[in-house]
Amino acid sequence: MVNGIERPLDLLNNSKGKEVLVGLKGEKQFVGTLLAFDIHINLVLDNVKEMQDHEMKRSLGLTFLRGDTIIYISPASTARKKE
Amino acid sequence: MVNGIERPLDLLNNSKGKEVLVGLKGEKQFVGTLLAFDIHINLVLDNVKEMQDHEMKRSLGLTFLRGDTIIYISPASTARKKE
Amino acid sequence: MVNGIERPLDLLNNSKGKEVLVGLKGEKQFVGTLLAFDIHINLVLDNVKEMQDHEMKRSLGLTFLRGDTIIYISPASTARKKE
Amino acid sequence: MVNGIERPLDLLNNSKGKEVLVGLKGEKQFVGTLLAFDIHINLVLDNVKEMQDHEMKRSLGLTFLRGDTIIYISPASTARKKE
Amino acid sequence: MVNGIERPLDLLNNSKGKEVLVGLKGEKQFVGTLLAFDIHINLVLDNVKEMQDHEMKRSLGLTFLRGDTIIYISPASTARKKE
Amino acid sequence: MVNGIERPLDLLNNSKGKEVLVGLKGEKQFVGTLLAFDIHINLVLDNVKEMQDHEMKRSLGLTFLRGDTIIYISPASTARKKE
Amino acid sequence: MVNGIERPLDLLNNSKGKEVLVGLKGEKQFVGTLLAFDIHINLVLDNVKEMQDHEMKRSLGLTFLRGDTIIYISPASTARKKE
């Protein structure tokens, strides 16, 4: 097992306090530090930047994100090299 | 933990009485003072302004917002500086 | 608390017998007197007018509205001045 | 209370045996006599006419309608005058 | 009560072994003999023809239809004359 | 009863080991041998071919299909002649 | 039974540690090594590549994928030859 991930939520747990990239329906992304999540995949991120097609659209600070519109969540540190 | 946020709903609890920016599906935003929320993320906001693409479309006063169409909720005070 | 609103449904309870503006998915609005609601946010309105882009499309009288397509519900009396 | 409507389903109960106008997602309407409904707002209508943009498209006789695609249900007799 | 229909599923029960017209989301219709249904409105039809805009697109034989995409189900025999 | 089908899932049970045509939302079809299904209508097919508008797009081998996007499932052997 | 697959989730279990192709709503695919899944078909993939119309769009590393937007999951090794 990579990083002791046995269930999908283990990855979210491992990513607390780290920067994550969150992909939403409709080609929108949020980048921010993951502070909290629940089983509905509702998230709280800090220092959030809203991106659309790789361009920053808005700076949002602390933000609650509803799980319903999320497609993927990826720790930013793993995007280029495997941890 | 920033502001003692352990679960996503803690951020909504901390934001009661404060101005929040609510992003909805379809590029629509509501700005208003958060008065109440429930586990379905249904909200009541006061002094609501409905925005579309950064322009104010309508002033709505007290408003019940169904959680179902909400993408994100962000306290306005955190948009530029971290609390 | 404004008007004793602690939970989102309190606003609907306070609005019974009053005119409300109901925003639906797809830029459609219904205006009418709120007679009843349930936890699914199903509503019964009386003297209903269906609006699209601020124009009246149809007069519907008594109407059952399914909660599923509702985005927001706002008491008309609060749109310009705070109660 | 108008017509003793305390909960939304009371209006459907009062409308049994009467002609109703049912608005569906996608600008489609069904007109027919309400025979039965359940808590999912599934309906059975008799003598159904399917309308699109106010034009009759098809005559369907007895029809089961899934609640899922329904936006509103309005007794036809209330469209112009309050009962 | 027409045909002893008290609950919506009674119409489906009465229509077993008969030809039904099933309207789906996206202007698609299936015509076939109703063999079975469940509470999710999943259906099995036999001798199925898939129609789009009143034209036959495909002959499918025995077919399982998921309730989720169904808008209406109407016994073909009732389309022109009331039973 | 044709083939002893009393409930919709009976058809899926009868179709195990046989080739089925699966219609998905968005004019996409999968053709393959049905190996397994569950009550959510999640399927496993073998020797899968993905079709779009009657053209083969891709060969997928063993595939898990989420029930959520499925419109219909039809045993290929019944498309032209009744079993 | 091919590979001892009796229930749909058996295929996901058999695919742990292997490369899978995941098809999402909206013509998007993710390719990566399956590390974990749950009953909602939430996945964790490693070494993820996001594809759109057969072109690589982005390298994502470790990624949590919400089951909700998934159409199919296919072990890459089965695409051309049956295991």
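Labels A, B, C, D, E, F and G are assigned to the chains in the order they are written; within every chain, residues are numbered from 1.
By our rule, a residue touches a chain if its C-beta (ideal position, glycine included) is under 8 Å from a C-beta of that chain, and two chains touch if they have at least 3 such contacts.
In this text the structure is predicted, and so the values were computed from the model without any measurement.
Trainee: For the sequence-identical pair subunit A and subunit E, determine the rotation angle of the Cα superposition and round it to the nearest 5 degrees.
Mentor: 155
Trainee: Taking each chain's centre as its mean C-alpha position, how far apart are subunit C and subunit E in Å?
Mentor: 35
Trainee: Starting from the mean Cα coordinates of subunit B and subunit C, work out the distance between those two points in Å.
Mentor: Result: the chain centres lie 19 Å from each other.
Trainee: Any chance you could list the residues of subunit E touching two or more other chains?
Mentor: 68
Trainee: Round the ring, starting at subunit A and heading to subunit G first, what is the chain order?
Mentor: Following the touches around from subunit A to subunit G and onward: A, G, F, E, D, C, B.
Trainee: With touch defined as at the start, can you tell me which subunit B residues reach subunit C in the complex?
Mentor: 24, 26, 30, 35-38, 42-44, 46-48, 59-66, 68-69
Trainee: Can you list the residues on subunit A that touch subunit G in the complex?
Mentor: Its residues touching subunit G are 1-3, 5-12, 21, 25, 41, 67-68, 70-75, 77-83.
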